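Heads up, the next two complexes both have chain A, just with different partners, chain B and then chain C.
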Partner chain A sequence: MNILVLLRMIPDVVEELEISNDGKTLDREFLRLIPNETDDHALEEALLLKERHGGKVTVVAPDAPELDDVLFACLAKGADRAVKISGVEPVMGGRAAARLMAQVLTTAPGLLPADLILTGVQSTEDLDGLMAPILSHLLQLPYVDNVTQVTADGPGKTVTAVKEFPSAVRAEFDVQLPAVLGIQAAEKPPRYVPVAKVRAVMKSQHLESAAAPAGVEAGQLEILQMAKPEPAEHAEMLAGDPAQVAGKICEILAARGVL
Partner chain B sequence: MGTETTLVSEAPCEITLENFLEFPEGRKVLSCIQCGLCAGTCPYGDVMDYPPRRIIAMLRAGMLEKVFHSESLLNCVACYACMAKCPRDIRLTEVLLPLVKEEIFVHLPEVPPELQKALQNTLRYGNPMGESPRKRVAWTKTTDVPIPILGEMSRPVDVLWFVECYTSYHPRGQDNSRALAKIFNGLGIDFAILGNEEKCAGECARLVGEAGLFGTLQDYTMTLFRRYEGRFNRIVTSGAHAYDAFRYQYPALGFDYQVDHTMPFLFQHLEQLKPMLSRKLNYRVTYHDACCLGRHNGFYEEPRALLTAIPGVKLVEMTHNRINSICCGGGGGGMWLDTYYKAKGYERLSERRVKEAVATGADVLAISCPYEVSRFEDAAKVLGYDNKLVVRDISELLAEAMQS
Partner chain C sequence: MSGSIWVLAEHWRGQLSESTYELLALGREIADGLGVELQAVLLGHGAADLAKGLGKANSVLSVDHSSLCEPVPEACAAALVQLIKERRPRSVLVPLTNISMGVGTLVSTAVKVPAANFCRDVRVVDGGLQATCVLYGGKIEATVTMGAECSILGIWPGARAAENGRSDVVPPVEPVTVSLPEAPRVRFKRYIEPEAGDVDITQQDTLVAVGRGMQGQANLALAEELAEVLGGAVCGSRPVIDQGWLPLSRQVGKSGVSVKPKLYLAAGISGAPEHVEGMKNAALIIAVNTDPRAPIFNVAHYGILADALEVLPALTEAVRGKKG
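Presenting the complex of A and B:
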């Protein structure tokens, strides 16, 4: 089975985010990027499928700072190829990313045809999680989102995708291949790869690159303004021993008419 | 400023399991008499499929591969008990076990999630808790004394204080750092810290078998030390594991600074310190020997001398003390394996230790390794002893005894 995994780098919120002077974008000077969590799950699901049914896993990612280390880690985990898309905008909404991916996948050599295209259902830089559905539309492929498990009976023409619905309802879909799947979570947490393995891969394997085609249409949404949320009120911390704290809670509840 | 860790360079690692028998340390394993003292003294010996004795037997029989595919040594908390007791002086915790753990680690089908997160955080942020590297220095804003940062100074200092992770970020670890700042200041120590440039020294990554991560951190810290060459004379750290890393591992990369843990360092200043300890603390104190400090480096009496120098402190001993001390369970990656151990139904070593401490009638459990404060405080809470026993670093007690 030939599987493509689309991976995006997103801002790491362990660092405090700052807004640039233009008031519309994040200040990228101190910003550090990490792989999008659900994309990481998409890679894990792809690797599990490869382990069970054989085939190849190719990771495709728009270029970004710190991406090389991440792609080498993907190779060390078991991906066969890692392709960087160069010449891309630093910030892309879901629609622009979908257009870019669709064009790269159809123009860069050796990526399509693929049996499965897996990517995370959501990313913090994709406002409404539309990257994967738009991509499937552009490529004219079937799409299932919020997938938590993918099973195949071998290298056949279909896979079964388990999709989560609200109220703990699960549904199984028989999906004709090729298809795009939006992964919500892999069957098991993404694996750890020892640093020594990543180092070894850095010496023995290489990253490929594909240029972003010129004139990828921008998204239809434009960011007009970015602002940090302003705390309206601060929480009051109740101090003292348990009896004192309980007393204060009673007073507060009584003052609000709850008691 | 170097806040990113690069993966590309590689630390030399001369002894491996393949060339093991070419080294005197490796050949020594052949002298094992299979007495089983190591397994008997091991705090998790009863749950290990392959305690040190069996590992050696399997190594000699050429069956080590079987051990590599087990999780056995995830139960090794690198407490140095087996090594301290071995009648043949085989350097189990220092040499053989880390090499076997390295192989086990790469073969693990799944790294327990808590441990995985700690290792990923350490690689990415330079600390296992996943805190921002730009906030490593934040604690210094909460002290009454100035904490100079080496990179911001134009003159050299005597002591480079390597603060380490829990003592930079954990709220109770920071109490230890604030106390040390007060003591250093009182003693007139000419010191500076690395500030946000500092990252974990890496010893626990090594002791859990993540040798590549240790090498990466070691490279990073050695590059920093080289950059500041001539700007400090020696290193002092309250990190018992950092002390071990600098003393035993970093020299392979050319590190030749004098390094002290804060306990022996403050002990060297005891006569100067004594007149400053003017506040009487009427505490009944029992001391937990940290594995790295006690069994590994023989610092049994220095922490006790510091404690008994505090007016009003009455020192009482636990049943297991000095060489027989029971590990807090935090070494060798155990710090991030509590959930794993619990799922297996093992007793938490920190709880076993807290029960012993309570049995002495002490009201203070004194410690000297930054992992222990959170481990023992948690254990005391779980056991319902938190109103009977408080956990304090010796530095905290010394600072408390100093009239401000």
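Presenting the complex of A and C:
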């Protein structure tokens, strides 16, 4: 099975985020970028499929700081190829990213045809957030999102994708190949790869590169303003050492009849 | 009707979803603000009866097709695209849930109109629409405006109170036909029901909720002990379940369950919108987090800026002491 995994680097939201002076973008100077979490799950699902059915896994990612290390880690985990798209804007909306990916996939040598194109179901960085449906439309391929499992009965023309619904209910869908799937979570947590193995791969393998095509339309609404949410009511903060805080919580619980 | 506001009337397993009522409440405000009609679009198979729950809208467009029996985004989007091209609404509100996710994005790509997802609010400003979108896991909000052309807005659960979207009025229904492929590329096979969990977290008065900030599965014992002295149970955020630290039956949020306990103590949970939608109605929310900017502090009643691994055992001890 020939599988493409599309990966994007996005800001680590556990870190402090600062807004630039233009008021419309994040200040990227001190921003730490990490692979979009669900894209990481998409890679894991691809590697699991490869282990079961054989084939090739190729990771494609728009260039970003720290990307090389991430792509070498993908190779160390078991991906066969890693392709970096160079000459891209530092921040791209979902639409622009999907258009870029669609163009690169159709023009760069040896990427399509693929049986499956997997990407994370969601990224929190742009106003679209979802890349799989845009890509599926551009490539005219079937699409399912919120996928947590993909199974194939040998080299068939379909796969079964398990999709999450609310209330912990899931559903199975038959999906014609080739297809685009938005992965929510892989069947297993993404594998860990020791640094030594990544270093070894850096010496023995190389990253490929594809130039971004010129004039990819952004096609996204313009953000007028970004702000940190100012809630009407912020939590009342309880200060003190753990024992003091615990004492205060006990009083609150007692007053509310929880204790 | 051209220029009206549309709401995709989401339904699942025979019932209109809470999100539908929330969107009707929001859609009503927007339509009134613009002085246009609000229409609900009901896509399904044998589901036309649900239209009577959509009285907050001026009218309902009802499509019945065998391909719309179960919610397959491709099929719903194909139907909506046809209706939009024929009737040119001003704006279409689509719920951003695990049922309808992707529909709005597919539609906006196909019809080539502006779209924004993650909207927690949409208002009429100077005759145009202005949306507030939640980005970066709830840490940043972005304001965007839509011109007079058609736009597609993906709305987060909780944008308005569902109560405000209910009505006893039975709306007029217009049946409409669309043509959809006879051999769909994505076919529904079956539902997989959740395995009955060891405890039903929706029935607990006290929940100690753990997130990735608990650092490792071994530390969950600290939460178990606290839950035990409080007479409650432990639940968790998605990463905790994805890592296999807790079973799926304990997941709170968008793809898990919604809970409404008397006490929800969130330890090491950032408060991403997908988590918050499942616990925001708890009577008392206490959050422990090491990040002063963690969005969970925007929904919690009380917050503690500290290491959960220190606070949980201290609290267990204090509760034990109090109980004697």
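Everything below uses one rule, namely that the second predicted complex is superposed on the first by the 227 of 259 C-alpha atoms of A that agree within 3 Å, B and C clash if a C-alpha of one lies under 4 Å from a C-alpha of the other, contacts with A are read in each partner's own complex, and residues count from 1 in each chain.
Convention: a residue touches a chain if its C-beta (ideal position, glycine included) is under 8 Å from a C-beta of that chain, and two chains touch if they have at least 3 such contacts.
Computed from a predicted model, the values in this text were never measured in an experiment.
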item: Chain B versus chain C as contact partner of A:G78, first or second or both or neither; value: neither
item: Partner chain in contact with A:M202 - chain B first, chain C second, else both or neither; value: first
item: Which of chain B and chain C A:A185 touches, first, second, both or neither; value: second
item: First, second, both or neither for A:P194, with chain B first and chain C second; value: first
item: Chain B versus chain C as contact partner of A:L127, first or second or both or neither; value: second
item: Contacts of A:V14 with chain B and chain C, given as first, second, both or neither; value: both
item: Partner chain in contact with A:P142 - chain B first, chain C second, else both or neither; value: second
item: Chain B versus chain C as contact partner of A:F30, first or second or both or neither; value: first
item: Of chain C and chain B, partner touching more chain A residues; value: C
item: Set of chain A residues, in rising order, touched by both chain B and chain C; value: 14, 16, 189
item: Contacting residues of chain C [partner chain A, same complex]; value: 12, 70, 72-74, 77, 97-99, 101-102, 105-106, 109-110, 114-118, 133-146, 154, 185-194, 205-206, 230, 238, 242-244, 248-249, 251, 254-257, 262-263, 270, 272, 283-287, 291, 293, 295, 297-306, 310-311, 313-315, 317-319, 322-323
item: Complex contacts: residues of chain A adjacent to chain C; value: 11, 13-14, 16-17, 19, 26, 41, 94-95, 121, 124-130, 132-134, 136-138, 142-146, 160, 162-176, 179, 182, 184-185, 189, 220-229, 231, 234-239, 242-243, 245-247, 249-250, 252-254, 256-259
item: Contact set on chain B toward chain A in their complex; value: 4, 7-8, 10, 105-106, 110-111, 113, 116, 119-120, 123-125, 130-132, 134, 210-213, 215-216
item: Residue numbers on chain A that touch chain B, as the complex places them; value: 14-16, 30, 32, 34, 66, 69, 72, 188-189, 191-192, 194-199, 202
